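Next come two complexes built around chain A: one with chain B, the other with chain C.
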Partner chain A sequence: MVVISKGVSTVPERIIRKKNDFTDDGKRRKNWSMERKKARWGWIFVAPTLLFFMVFSFYPMFNAFYMGLTKKDLLSLNPPKFIGVKNYTYLFKSADFWNSMKDTALFTLGTFLLLLVFSLILAAFIISRKKLKTLLQMLYYSPALLSSVVAALIWLLIFDPRGLANQTLNFICQSPGIDHKWLAASNMLRLSTIIVYFWKYIGYFTIIFVAGIGSIPISIHEAAEIDGASRWQDFWCITFPLIKPTTLLVSVMAMIQCLKTFSTQYLFTTAGAPTKPINVITLNIYNTAIRDHRIGRASAMSMILFLIMIVLTWFQFKISKSDDVTYM
Partner chain B sequence: MNNIRISPLRIWDVLIWSFLLVFAMFIIVPLLFMITASIMPATEIMKLPYPWISKTFQWQNYWFGLRGADGSFLFLRNILNSLIVSSTVTFTTVILSALSGYGLAKFKFKGRNMVFIVMMATMMIPFEVIMIPLYMVAMKMRIQNTYLGLILPFLTTAFGVFMMRQFLITFPDEILDAARIDGGGEIFIFNRIVLPNCGPAIATLAILTFRSQWDNLLWPLMVVQSEEMKTIPQYITKYMAETHTDEGIMMAIAVIASIPMFILFSTMSKYFINSTLYSSIKG
Partner chain C sequence: MKKGWYLLLLLILLVFPFQGLAAKKTVINYWTHTDDNRTRIEDKYIAEFEKLHPNVEIKRVVNEASKMGDIVLTAFAANNGPDIFNLPIEQEYGYICNKRVAPVDYRALGYKSLAALKDDYAANTFEPVTMNGKIYGLPLELTNWCIFINKKIFRSVGLDPEKDYPKTWEEMADVSEKLVLRNGEILIRRGFDFRYPYYLVSFLPMVQQLGGDLISADGKTAIVNDQAWIKALNFMKEWGPHGRNLGSPTYINARKIFDKDNNDIAMCLSGFYQEGRLKNDNPEFFDSGEWMVVPFPVFEDAVENQGCAFYGHYLMVNDSIPKKKQKIAWEFIKYMLDHPMEYLTEVNLIQPRKNLVNSEFFKELPYTDVFMDDMERSKAVFLHQNGYQFEQYIREAIEAVMLSGTKTEEALKTLKRNIQEVLDEE
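For the complex of A and B:
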């Protein structure tokens, strides 16, 4: 073949060719050199991305781990001083750190559960409709197009003492003139950040669930209907077990996103809301590193965040593996 | 008899529709609030109850928003920065993800699975964890307050690679081989055959990447201090902190900041919903 004589012509490869030119059953192997050439091209296509990940993901990861064990001031030119696990022991004794952990836990738990439950319900409802499916999905998705800062800005005005939030709540509760202190009382402030986040991301997860539910073959639902299953039974006994991979995906993604929340809390505190109730861990890392210049301590905190994410993700995979159902 | 069988379903239908509509209200009302408030004088926005349609349309809010409190038109410059950074990152992410996704999906080479696993492992490394070392790198390279500094850590994502790989894995080999036999080089094949056939995947990836960059606040906060190099989210937080006065202008800024995303989404949305977003799950 023409292709064989092209491309490769070094001596060792000629020797290899003699051995490999024939397959086991004695037929002449056709395009082994094409295979080699393809393998080389495979590497060429993959190399830039791989290099990027090495330099901008793995190296910083190891560096973060190392810096967590050192003491370094952001602006000083002195090299970092190795201090072992002192950063971690400091953090575990620090009330500020535990407060951050608590804020992050409350925010993540609240938002995560709301997102998971409501996106599933909404998706199931949307799928059950005959009309306006796409429109509803687009509508629920639209807040995700705004940046988090804009979302926080809008809600900041809504949560204003004279804003829409108080008006609506007072209208529902028939309690005119009461200020619910959305941006002042600790728990209300936490709730406010949860609402902003929930509002922004609910559509995204709903779309994923709609796709997941939509991928179940209709024949299964039809079979259930013939067997006399009610809509309720159909959902709980067929849809719900079969979208488990989607549920896992959504719960892992939602949880990790919630753990990483930053913009909403940052904007709220910049606008004058008290920091303590919403001092989530990312905000704390940012402030420790950039405002207080304590690089080592911030790195230690980010390693703890990383560990929490890994453990929780692993845990979710473990739970979901326990009883797998498929329709194949 | 028909009536008896249908009526419980009817009740369910009504309940479901009302739930969906109430929820739609919850989603829509803040958006409507943003738009209506952006053309209102500040005094009316804080009236009780909120007047949804104002008597006076104050279009100047947009002008004042663009001009800025000190008349420097810094906002325009920051919009430009956001556009430059987001589109560059989107471009590199799409190209690099397509390249490596294609390499992983259509070429057999030693260590391919290892490469794939290593790339996917980076999905587990959140940006928030590595931002401090990255910041130190940026300081060493002296790329603070530059576009390079804003762009460099985000050239591509593991998610993009994964998506393109999943999309291309079903791409028919026969077409590629036919092109090879016709003497097309690998670059040519990638450019002229693979890329043009990735439309939906590229559109989805582009929207997601552009959105996440348009939204990015944390990294610009760290790496950019000079006013001219700030991005939109930074401008908004700064505006909030400095001049928390005119709500109308604030909402006008919010609307301006959101327009590019809505344009991008409405032009590309036909690919977006029900399409490749889901390919990431099937894998």
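For the complex of A and C:
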């Protein structure tokens, strides 16, 4: 009988640990000082990484927060002028900003759901194969190795009016000579960016799912088989619940990745595609800072994006009630 | 004996650091855009200059022209800009306004005064880079665009290129209609197509032909003469896939495929430098005499006979580097630019030097007369601290009408609002 339990520990680990630090007559155990020594060495070992993280991640974050409260021309030698929350009030009133929010939401929803569902299906497909598992994983993963710039350039050729995309679709639909305007019409352009992103990252998330599914003890599947479970029941009732932490990990990573999308949209717009339908927040941040030289406003936008990511990640953790899955 | 060792050690410690110091070279970082022909001759000048100045090392860094603006801007924003760089003047103007570039050191260039420097160049050469009586750059090139024509394609549809080439924008659309080849909605061959991202250079003059302008003379009001803008924007709308379907920004840049002569494009918009690239890329086509250059068209009801705006790439020096280094940078610029004939013959770049543009050799080069005549009826490109930003707003308006089917009046309203907002903030 397979039993799956979630959220196991009834006695918090720290209480057990504290209890073990003392002898029966209430004296502190000798190994306590040894643990402190180990902890000190631990701190020493992680210090370089922490320092690196503080310099290259925390400092830019705090700096962006500060810059978001200032007005500063990127080229000007004048120091930033403190203007409080004016950048934020401007953004919340700006039609351009809300258009970016809409474009980001459409892209994220479209890409994130596709990535989540199809990477799981592909992972299940790969795991179910008896042969060529490694080859399939390599094939699916290979687009992720390409730089986003190269990927977008390849797809630009495909989406060219005389390119493969029109030819293939017209062959399938038996509609010769139709220009589907992959890089021109608003909805087709949105679809094009979703296709590029999906193609590039599907393999990456598939590999994570493959690893997640592979970590489920084989004995559980065997037990289910003995109990007469079909392959579908095995997947739906055993595999799917047990890979919940992996699903959560993939969903959080895919969502953050989608919210941060930039290079595909940037390259498409520089190649002549209209900006408005794919003006995602990151592209707007770039244009505001580099084209308009308004680094303060761009920083405010990046802080808003940061907050959106934090809230959505928290929300995903909340709805998944994600305690560790254990096998009994 | 021990004392002797100590003395030797002391001597080594004293001498070696100074030797290192003496050998330390002054490194000049020079950032420029890709151009294989120019790279070839400038690499040669660098080697020669370094031989003349053994303590100087020139590091020439090449970037894609379309990316140069962003790369230089971010470097300057981080106070880590190159020592020497060049960009189109409409982008460089902001650097002058924000005092990020150094005034020309005319003494380092070997001139007795600024007037003597100006006297070496054609009239108005330094106008775009002059502020408060100081000059902030030396011209690498001064360019205007005309129409390049593939005669074979004209003849293939029964047109005589010498007589039937388009003189007006209306004719340009009609002639293109005859030249275009389509597979349904898909363009297999275009008659002509625009240089889409460069709207200040090629689109704004079309608006100006109709009596419009980007901002008012006092610099306070965005969009002068709505009707002129509406007509020009409507022309672009008709040009695009929602109109007569003659071209679109999503097709491959017309200038890049013109040289191939593979029946993809009959006409493109480009500068004199295109001849050098054509000679390099397809010498057979260059020598065939099957191409020609004609003037920039005007609208039938134009109120101003104006050609494509001329622009320049000026070599500038970073103001934040030490004065001594600035002097070396200007000396190096002077060394390079003292070969105007080679820039012309090898790269097809026109340095507006009097002795060059007045020479017989220059006048006899193919179609220099067309370019020079067009330049006479042209204005310099629109210059403003936020010029690059304005160009992107124009781009959004054109894309909106051409590709997204937005109403022209609506696109113009957005354009006006965006530019006015920038003007009001100044």
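Definition applied: the second predicted complex is superposed on the first by the 278 of 328 C-alpha atoms of A that agree within 3 Å, B and C clash if a C-alpha of one lies under 4 Å from a C-alpha of the other, contacts with A are read in each partner's own complex, and residues count from 1 in each chain.
FYI, a contact is a pair of C-beta atoms (placed from the backbone, for glycine too) under 8 Å apart; a residue touches a chain by one contact, two chains touch by 3 or more.
Computed from a predicted structure; not experimentally measured.
Q: Evaluate whether chain B and chain C can sit on chain A together after superposition, giving fit or clash.
A: Superposition result for chain B and chain C: clash.
Q: In the superposed arrangement, which partner chain does A:R162 touch: chain B (first), chain C (second), both, or neither?
A: The answer is both, since A:R162 touches chain B and chain C.
Q: Which of the two partners, first being chain B and second being chain C, lies in contact with A:A271: first, second, both, or neither?
A: Once the two structures are laid over each other on A, A:A271 reaches both partners.
Q: A:I213 contacts which: chain B (first), chain C (second), both, neither?
A: After superposition on chain A, A:I213 lies in contact with neither partner.
Q: State whether A:N287 touches chain B only (first), chain C only (second), both chains, or neither.
A: In the superposed model, A:N287 contacts chain C only, not chain B.
Q: Please determine whether it is chain B or chain C that touches the greater number of chain A residues.
A: It is B that touches the greater number of chain A residues.
Q: One more residue to check, A:L183. First (chain B), second (chain C), both or neither?
A: second
Q: Quick one: classify A:S76 as touching chain B (first), chain C (second), both or neither.
A: It touches chain C, and chain B stays clear.
Q: Classify the contacts of A:I295 with the two partner chains as first (chain B alone), second (chain C alone), both, or neither.
A: Once the two structures are laid over each other on A, A:I295 reaches both partners.
Q: Determine, for the stretches 7-15, 61-69 or 349-357 of chain C, which one clashes with chain B when the structures are superposed.
A: 61-69
Q: Which residues would you name on chain A as touching chain B in one complex and chain C in the other?
A: Residues 160, 162, 270-272, 290, 295 of chain A touch both chain B and chain C.
Q: So in the complex, the part of chain A that touches chain B is made up of which residues?
A: These residues of chain A touch chain B: 34-35, 38-46, 48-50, 52-53, 56-61, 63-64, 67, 118, 121-122, 125-126, 128-129, 134, 136-151, 153-158, 160, 162-164, 167, 199, 202-203, 207-208, 210-212, 214-215, 231, 245-246, 249, 256, 259-260, 262-263, 266-267, 270-272, 282, 285-286, 289-290, 295, 298-299, 302-303, 305-306, 309-310, 313.
Q: What residues on chain B touch chain A, complex-wise?
A: Within the complex, chain B contacts chain A at residues 12, 16-17, 19-20, 23-24, 26-31, 33-34, 37, 45-50, 96-97, 99-100, 102-104, 106-110, 112, 115, 118-119, 122, 124-137, 152-153, 155-156, 158, 161, 180, 186, 190, 211, 214-215, 217-218, 221-222, 232-233, 236-237, 240-241, 244, 247, 250-251, 254, 257-258, 261-262, 265, 269, 273-274, 277-278, 280-282.
Q: Help me check something: in the complex, which residues belonging to chain A touch chain C?
A: 73-77, 160-162, 166, 176-179, 181, 183-186, 270-277, 287, 290-293, 295
Q: Which of the residues in chain C come into contact with chain A in the complex?
A: 66, 70, 73-74, 76-77, 94-95, 98-100, 182-188, 196-197, 241, 248-252, 386, 388-389, 392, 395-396, 399-400, 403-404, 422
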